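This is the structure I have questions about; it appears just below.
Chain nomenclature is as follows: A, B, C and D, assigned in order of appearance, with residue numbering initiated at 1 for each chain independently.
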Amino acid sequence: MKNLKLVKSEDSARKSTIKVGNCEIGKDFIIIAGPCSVESEEQTMLTAEAVKQGNGNMLRGGAFKPRTSPYDFQGLGLKGLKILEKAKLKTGLPIVTEVIDPRDVSWVCEYADILQIGARNMQNFSLLKEVGKSKKPVLLKRGMYSTLREWLNCAEYILAEGNPDVILCERGIRTFETYTRNTLDLSIVPAIKELTHLPVMVDPSHGTGKLSLIEPMSLAAVAAGADGLLLEVHINPKEALSDADQQLTPEQFVNLTAKVLKLKKFMDESIYPLDGLEG
Amino acid sequence: MKNLKLVKSEDSARKSTIKVGNCEIGKDFIIIAGPCSVESEEQTMLTAEAVKQGNGNMLRGGAFKPRTSPYDFQGLGLKGLKILEKAKLKTGLPIVTEVIDPRDVSWVCEYADILQIGARNMQNFSLLKEVGKSKKPVLLKRGMYSTLREWLNCAEYILAEGNPDVILCERGIRTFETYTRNTLDLSIVPAIKELTHLPVMVDPSHGTGKLSLIEPMSLAAVAAGADGLLLEVHINPKEALSDADQQLTPEQFVNLTAKVLKLKKFMDESIYPLDGLEG
Amino acid sequence: MKNLKLVKSEDSARKSTIKVGNCEIGKDFIIIAGPCSVESEEQTMLTAEAVKQGNGNMLRGGAFKPRTSPYDFQGLGLKGLKILEKAKLKTGLPIVTEVIDPRDVSWVCEYADILQIGARNMQNFSLLKEVGKSKKPVLLKRGMYSTLREWLNCAEYILAEGNPDVILCERGIRTFETYTRNTLDLSIVPAIKELTHLPVMVDPSHGTGKLSLIEPMSLAAVAAGADGLLLEVHINPKEALSDADQQLTPEQFVNLTAKVLKLKKFMDESIYPLDGLEG
Amino acid sequence: MKNLKLVKSEDSARKSTIKVGNCEIGKDFIIIAGPCSVESEEQTMLTAEAVKQGNGNMLRGGAFKPRTSPYDFQGLGLKGLKILEKAKLKTGLPIVTEVIDPRDVSWVCEYADILQIGARNMQNFSLLKEVGKSKKPVLLKRGMYSTLREWLNCAEYILAEGNPDVILCERGIRTFETYTRNTLDLSIVPAIKELTHLPVMVDPSHGTGKLSLIEPMSLAAVAAGADGLLLEVHINPKEALSDADQQLTPEQFVNLTAKVLKLKKFMDESIYPLDGLEG
């Protein structure tokens, strides 16, 4: 893939790692969890504590929500960011939150530890350039129609502006299948590993849109070599203002992370005892 | 389709029209033509004159180019807009140009008669809201993976901000076919006509990406009921800085518009003598 | 496209024509119409007469129906073919009917003037070889996920067995769009014309699956250069055993063909007065 | 999903198992391996022994090859089946081989222990009915554009004819991604488990089309809950007459199965100690 000067790994052993709080993304296995949307202080604080208890490493939550209809809940904006800040103060969990407008990047950086670029904005090049100029790591989700080449070019946009800290996140692509919300493409994980030095995470919540499939796909993502998971957790999924069908309860989350971490440990110790993907 | 309060047409006979210069979009058949990118003053002025001679109604040209790779030509920016301004002064053709960043909307409005939202930004909701607050008509291209419902919701975003002047533009969707660059979905034209009161145009240049297919698909778009065409014209396509394979020469453009307008006249007089799509 | 020895046209002016009854497919514009399924003698005879009165050139009707579920109506089989035979005797219309099993080809040839291969069987190579050995023209529908290259290779299978009489038929491909049943890809029509010497028809009934879109897409198909149309007609669409939403009434059919033939005449006389697609 | 009377599992604990040789598919984890095509006796015998040594449970090999072009190698037919018979005699491995024509089903049953229906024939309903009348288990691959609902209906066709022994096999679907040959949809595995009582296997060779991705996707398939794997193995992949890019060498196969079986054991003992997918 030509023109991918900065994301490409000539030396397959070279892997970028990114320090956030006491995590080292690309080296440690990272679980980022939280509600789809920040809806209220109570909801966010309770979820944050559940995430912490369930071995989550970071808290995710949307203050700006890109929604298909203009009449759907658009997020709490600055108020939402302030709630996330409180949750961070209480739990110590770093904050991952989406930015959707280049005008917001500078002040969202005051609250976010990682800036998320959502699937619909993957090719919003103005936004990519702006987060490329910031000093915060960027979690770049794959567009729902995007090829690997297009996606890596979007990462290249960010690196070309001087920000080396990009984490890729597979979140499912659109296919003809309607049983799942999207089709989670796990083969992209080892493909990214062989082409680039960037860490890659997987979001089985958006990737399947179906509660019952989140656990098996989380485990599959670990086995495929993912560097971490994004999971939606809500204290009361039925009353969630968005994505009600795919948010785990705190109890489901704890059960899931226990299995995920057990499997990750096994993969590291017994399947790939020395190094990354080669055996 | 629920939630489409503003774009929906309860009365199928009600059709919005939009005045730009001496054209009435939605009533007159409109040909918008010009180069993919504004590359130089000479190229733009010569193309503008060719567009005028070839019965084009408006001049299109990109000053901001969303490109897959950060290392590809990104457009001339303000300099490009000033060139378009000169071309308008000389030919009288109104200017259609793309805006890709919400921070640019207010000053791009100084140069543009119609603001274009490109396929990759169809769901860039910050940008949609910003052009919704402007006073300029908006040409909203369909995203390359977008359903009709998603697209109409994006138009709804613009109308919900107070701007009633939205023109939809089909430019091909991504499919498995590789012979064409995209698959031009002409059935969307009558579908939009039966659901909404908005005008709808067709872009066979991006829709096919192949010079030889532009003429038959332009004629087919007319027969399907399109309100106009977007066509890429370049004085020297082989040296174009973008989309070299799909830009017509001035001579090809003149030949094409002659056929297109002849067919449009026939459709109006002989196939649908009294009104829109009913017979 | 390599390996397409027989379907390829080195000389773009060379076009194959196929004589069926008093029609010459590839030269005359052909309308093939009839019910999705042969359901009864009465339904078929009445429809056949309507097709004849509405300027249809051939009668289509399925005796073998490939259906998603095994519990859906599977067609009348031999009984259906005998009904089609009666309809042909009465109206003189040649019969186009689908064959789905290589074991049936020889005896279906006793009843059919043209053998149809449906979208789901496009790559049923055993069936393609068998119809390639028959003496009947073959109407080869495009698979719903098929690229042009794959489709033309399927035609090549038939020609390679010694049967030169293949008619291609675009019937819509599967995309993400749900408003229409399929996405009718009209750009394939001029693409086929520039690559091959084979005639190409369009099926807007399956291609859209929506009654209101059949007329505009039929007209668009004519403008794009199609050699004919396949249309579903039923004397009582609401009670049809299959495809109830996309079958025209006899009255709608008559109105549609009048417009289609008027447009076709105009295209031949005024847009392309001398020859095929070049101007 | 309505109309799926026979494949549906009302009681999620009820799982069908299928005895073939000394394997019990749906209970034991099954590895089916072998060359894409049977090319010669030597190639097949050597590969069969490698499969056996590498803990493969059954031998796969194509004697009838559905190929895009009529000029590509079409398989050895009966001669290929006789070679498979010899390989079975020598190694004791049951034979899995594709059938593509309903006329061949009865005599292919003399050689095959499991009949494979390939992706292109998933909706070849004549063929489905014929294998439904046979007494052999059927491995039904997913069509490359198929939804879960369509696929399960094809299994229903087979069960409705009286054959209860259907094994589903995910082999990747067509998407826009070009880095991989297909997109392997692992989420279909737990989806099938929750909807049906049928066993489901995964084919990472066709699913990725890329040697380097077969290992991580095989491991991911195990973690997602697959009942087994289909793997292409060739004694000299570079000289393979088909699918040269995705066939493992015997040595790669042995290394892979060791990891796969280690992981499967861990999943059974430590992640799901008592039962299927629930925890």
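To be clear about the criterion, a residue touches a chain if its C-beta (ideal position, glycine included) is under 8 Å from a C-beta of that chain, and two chains touch if they have at least 3 such contacts.
Keep in mind it's a predicted model, so treat the numbers as computed, not measured.
Looking at which positions face the partner, chain B and chain C present mostly the same ones, since more than half of the interface numbers are shared.
At the far end from chain D, in terms of centres built from Cα atoms, lies B.
Chain geometry summary: the mean Cα position of chain C and that of chain D are 35 Å apart.
Separating the CA-averaged centres of chain A and chain C is a span of 48 Å. If you average the Cα atoms of chain B and of chain C, the two centres end up 33 Å apart. Counting partners per residue, chain C has 145, 149, 174, 176 as the residues that reach two or more other chains.
Across the complex, chain B meets chain C through its residues 145-149, 173, 175-180, 183-191, 194, 207-208, 210, 212-213, 215-217, 219-225, 255, 259, 262-263, 266-267, 270-271, 277, 279. Contacts from chain D toward chain C in the complex involve residues 3, 5, 66-71, 100-103, 120-121, 123-126, 143-145, 149-150, 153, 156-157, 160, 174.
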